[in-house]
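Read through the structures below before going on.
Presented sequentially are two complexes of subunit A, the first with subunit B as partner and the second with subunit C.
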Partner chain A sequence: MHRYGRRELFRELGLIVAALIFCLPFYVLVAVSLKTDVQTYTEPLSLPRPPHWSNYSEAWNTGGDRGLVHSFQSSLIITLTSVVVLLVLGSLGAYTIARHSGAFSNTVYVLFVVGIILPFHLALIPLFVAMRHLGLVGNYAGMIVLNVGLMMPLTVFLYTGFIRALPRDYEEAARVDGAGILRTYARVVIPLLWPITATVGLLAGIVVWNEFFPALVFLSGSRYQTLPVAIYSFWSGVGERWNLIMAGIAIAVAPVLVFYVFAQRHLIRGFSAGVKG
Partner chain B sequence: MTAAVTLTGVGKIYPDGTRAVTGLDLRIEPGELMVVVGPSGCGKTTVLRMTAGLEAITDGEIRIGDRVVNALDPRARDVAMVFQNYALYPHMSVFENLAFPLRAHGVAKPEMRERVERTARLLELDGLLKRKPRALSGGQRQRVAMGRAIVREPQVFLMDEPLSNLDARLRADMRMEITALQRELGVTTMYVTHDQLEAMTMGTRIAVLKDGVLQQCGPPQVLYQQPENVFVASFIGSPMMNLVDGRVDGAEVVVAEQRLPLPANGSAAALAAYSGRQVVVGLRPEHLTEATGSQERLHGLARSAELLGAEQLVRIELGDDTVVTARLDGQTRVAAGDRVELAVDTARVRFFDVATGRAIA
Partner chain C sequence: MLALPAFLGLVLFHFVPVAVGGYFAFTDWSLTAPSHWVGFQNFREVLHDGTVHAALRHTLVLAVCFVVAVNALGLALAVGLNRAVKSRHLLRALFFAPVALSPLAIAFIWRWIFDTDGALNRLLRDVGLDSLQRSWFADPQWALWTVFVALVWQYAGLAMVLYLAGLQAISDDVYEATLVDGASAWLRFRKVVLPLLAPAVTVSATMTLIIGLRVFDQILAITNRGPVDATETLATQVYVQTWLDSRAGYGAAVALVLTTLIAALALLQLALLRMNEQRL
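Right after this comes the complex of A and B.
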């Protein structure tokens, strides 16, 4: 055991300072979101006294094209559906890759890994044209297909790493016990994948929820604006009312923060498993 | 219904070219407990997994009862397996773990409950049915793994080093429990281990494997007393048999310049052909005792002595760098440097061909 010495003291102080720096934008966000129009400009960094809660209801009801409430709904539908489809398809794909060693599955795996590295923007125009032909622009289905596709490489990568580290004994025991492939997958494998499922679900959820550019391009002109796009148009709509913009951002960020606080442990555990792979 | 397991000419070559098992012929009689034993990498687990259907066989035929099962899926073979690390489903309670194989076979709920409870009573797991595997001790997990195999009432049990994760004391208890349980249930069992003590104490018969080839198969006593080759002689028994160089000279064998008469049993005739040639002489430590009368003798200097309580294991240098271990009585302490006279039970000495390693008999 190390003694708590000067070295540790400096290290902790450094970490505390770093944490404060990270917290600063959040403070500004919350402080400004609770100020009146005048206070926003006269004293932007002070504590809001008294807090002006009505900014939140105003942003909720009037922000974006049709109020943030509709965008919130769109974001929720797109995020939840994308994540569920991603988890089902990604885990099945990774399970097959991880459990069938061979040139074909290795190649498929490498292709998925390459998919993590390649920026999606490279394929933006052909993708847009193709999706428009398929009727997948300006609706939920298109956005969900797009998100699932964008997140699939990382999902397969993380799942594959986790499954490769998982002993085969459980599945073999289930086979000898008389279970078929489907029962083995549903009753034995899926529960064992819970830590990585939580990680991937949260990670993908956060990414999809925050996504701006794909939503801007593929949902432009539709009724299904997501939150980040709504907040952007909010800015152009309300001019320089930073207090309302900040309230909108706070509304958008809140679900992610709450999730993160509850799921930190899972995120870290799943990530380290994926990297070890 | 328990059934015989018959392996005929079974071989296994892995895709990378590794030859794990070669031409294995083995028959496990109905109700028998066959221990397959050998050092790590000898192919014993592969044999078990091929019988379970978890590994495809390259050559030969495996029968369970009258059925050839070569191409059958594990679940169609009616076998149950106990894994080395138990492979208890961590997210299920003990009850659910025990019920899993029954559910998979579509057993109706009331019957399932009844069979799980009966198995739990048999293994003294009644109070633990609601617990998850992580809340159990090593011994309890072991029992659950056994229970999951028993509850199905399969034709064959396959056990892959099921005691290797337990501490020494628990292992000794479980050895007896598993043996008793197997006798009670009368289910044909293939038990794989690297521990010759488990093999000796548990097996109705023992099959010794080395490099994927069967070396000898027989009851423990036969393997111990009449090993067919040097490998079996050295693998079975602890401390291992002393294997020293010797030369046959007429009716005697010369070991480290000391002479012993050849035994007056069946091997004498075979040994006659070896006159003037080198052989490997196998002496069990307990067949070397402290000389008191006019027995056949070897003598040497004690190098070290380990007192085990009732007995002591003494390493004795006979000369020419020939060292043997003798299991002597613990009463008279021997110290390093002492001269020791050893009486040799010549009737029990085994001789092996230097080139082939096979027993001369």
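Right after this comes the complex of A and C.
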């Protein structure tokens, strides 16, 4: 159907060259992260020979305020907990909205869509004050509650769209057999939601893992800084030791890259459907 | 009842704080001392605040240039990688990868690339173009453009994916028929493919406009708002006024300006593009 002639070959070669140029920042990241202090200054762009792996252990143990290892742990705890809570509450909310037709549930749905679009710059100021009063600034619980709240509209929006397209037959059969609404939800609906759960979970996980501004406001100065906040303070701390900073950056982006390699399709679908905005 | 937690999340973390934040914009609140209603005082100050004016200008220049560049690049990549090319799946995954990575962490790579002793200046020296070397982000003329490059690099893949979705909705028959007609490639693209892509343009331009207007992480990492205030944007001003200078009332006023700007420009652009879709 599609011819592959000389023109297509040239197009392919052109795109491969463009891709190589596009990869330069990745090359810089890896190359510099494996150099000694001296090499970083004298020959930053050459291949690191021999690779200086100890940058990674140094960044891991001493980077940021207390070592990136602690920030990695904070990021992991905050991300995993936020995502699990989001998926449970978001899917339940969406299920209720999607299975009720009528003006009220439609209005609620529209409100969730508006929630996606409202920028958080303005909202963050009162949220910070209210949560400081409640002792929710500078700790895990506060950051998790904040993430769940901020990401809820997008989660509900994505789930609702998916559930509306699902046939009701299975649920109705379960209800006829005498299962209650929660039981129907747990036994029948949840298994059907697997594809959208994977998409939303990965998307929310990555957004939370990468999040900087809210984490900077809520966690800076605390013992629970996430990786982006730690990298930011790491950089102001070590000044020009770019080899260490690059190792720190690599540590921060590595988990996402691993997920990306294995779950690219879900991720691309999630991002193109749901970049907040 | 099962939807209550989700609904509370929506109301308590979006509608209520936006409304309360809007109220703060009319007070002199300082995060600690009790606040007083000051009417439009904050907005009068915004009108005469040189830093906020500069921030507004930078926000608009950056967002507009970013939207144009990232959509042009994304569309070019999508057209190139749509059909025929054998390595298309690998290349698509590669171009999209930065979208999933931490904007802050990625921006630090760019900071080093544009550093005085960094990658770009060394490359220029190695190829004998010493005269082009600059202190990129320390030069007020260039600083904003270092952020621009980092933004375009990070989000080109997002625009690409949105345009690919649009291209794949165009049937092979339509695509092939234009080949057979012997229409020249550019004419075929403009007359047949581009009109069918109009909905994808609308989505992609709107998404990238919002990303461009809200830029924050990249600025803190690459230029740290400097030199002086050459890369100050409305989002960084909200941060500085509210959390660094503890002028939460004034910060809320700037945030309200930013929120209104995002809403107004996004809706305006959406309306224009939708009109354009119907005309095509």
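Just so we're on the same page, the second predicted complex is superposed on the first by the 247 of 277 C-alpha atoms of A that agree within 3 Å, B and C clash if a C-alpha of one lies under 4 Å from a C-alpha of the other, contacts with A are read in each partner's own complex, and residues count from 1 in each chain.
In the analysis below, a contact is a pair of C-beta atoms (placed from the backbone, for glycine too) under 8 Å apart; a residue touches a chain by one contact, two chains touch by 3 or more.
Everything numeric in this text was worked out from a predicted model, so none of it was measured.
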Subunit B versus subunit C as contact partner of A:141, first or second or both or neither: neither
First, second, both or neither for A:110, with subunit B first and subunit C second: neither
A:175 touches, of subunit B and subunit C: first, second, both or neither? first
Which of subunit B and subunit C A:47 touches, first, second, both or neither: neither
Subunit B versus subunit C as contact partner of A:167, first or second or both or neither: first
Partner with the higher number of touched subunit A residues, subunit C or subunit B: C
Subunit B versus subunit C as contact partner of A:95, first or second or both or neither: second
Which of subunit B and subunit C A:183 touches, first, second, both or neither: first
Overlapping contact positions on subunit A, where the subunit C interface meets the subunit B interface: none
Residues of subunit A that touch subunit B when the two form their complex: 167, 169-170, 172-180, 183, 187-188, 191-192, 194
Residue numbers on subunit A that touch subunit C, as the complex places them: 1-4, 8, 11-12, 14-16, 18-19, 22-25, 28-29, 32, 41, 44-45, 89-90, 92-97, 108, 111-112, 115, 117-119, 121-127, 129-130, 146, 148-150, 152-153, 155-156, 181-182, 185, 206, 209-210, 212-213, 217, 227-228, 231-232, 235, 242, 245-246, 249, 252-253, 256-257, 259-260, 264, 267-268, 271-272, 275, 277
Sites on subunit C touched by subunit A in the complex: 1-3, 5-7, 9-10, 12-18, 20-22, 24-25, 31, 77, 80-81, 83-87, 91, 93-97, 99-106, 108-110, 112-113, 115, 117-119, 122-123, 153, 158, 161-162, 165, 172, 176, 206-207, 210-211, 214, 216-217, 220-221, 235, 238-239, 242-243, 248, 251-252, 255-256, 258-259, 262-263, 266
Interface residues, subunit B side, partner subunit A - complex: 52-54, 73-75, 79-81, 83-85, 87, 89-91, 100-101, 104-105, 148, 152, 158
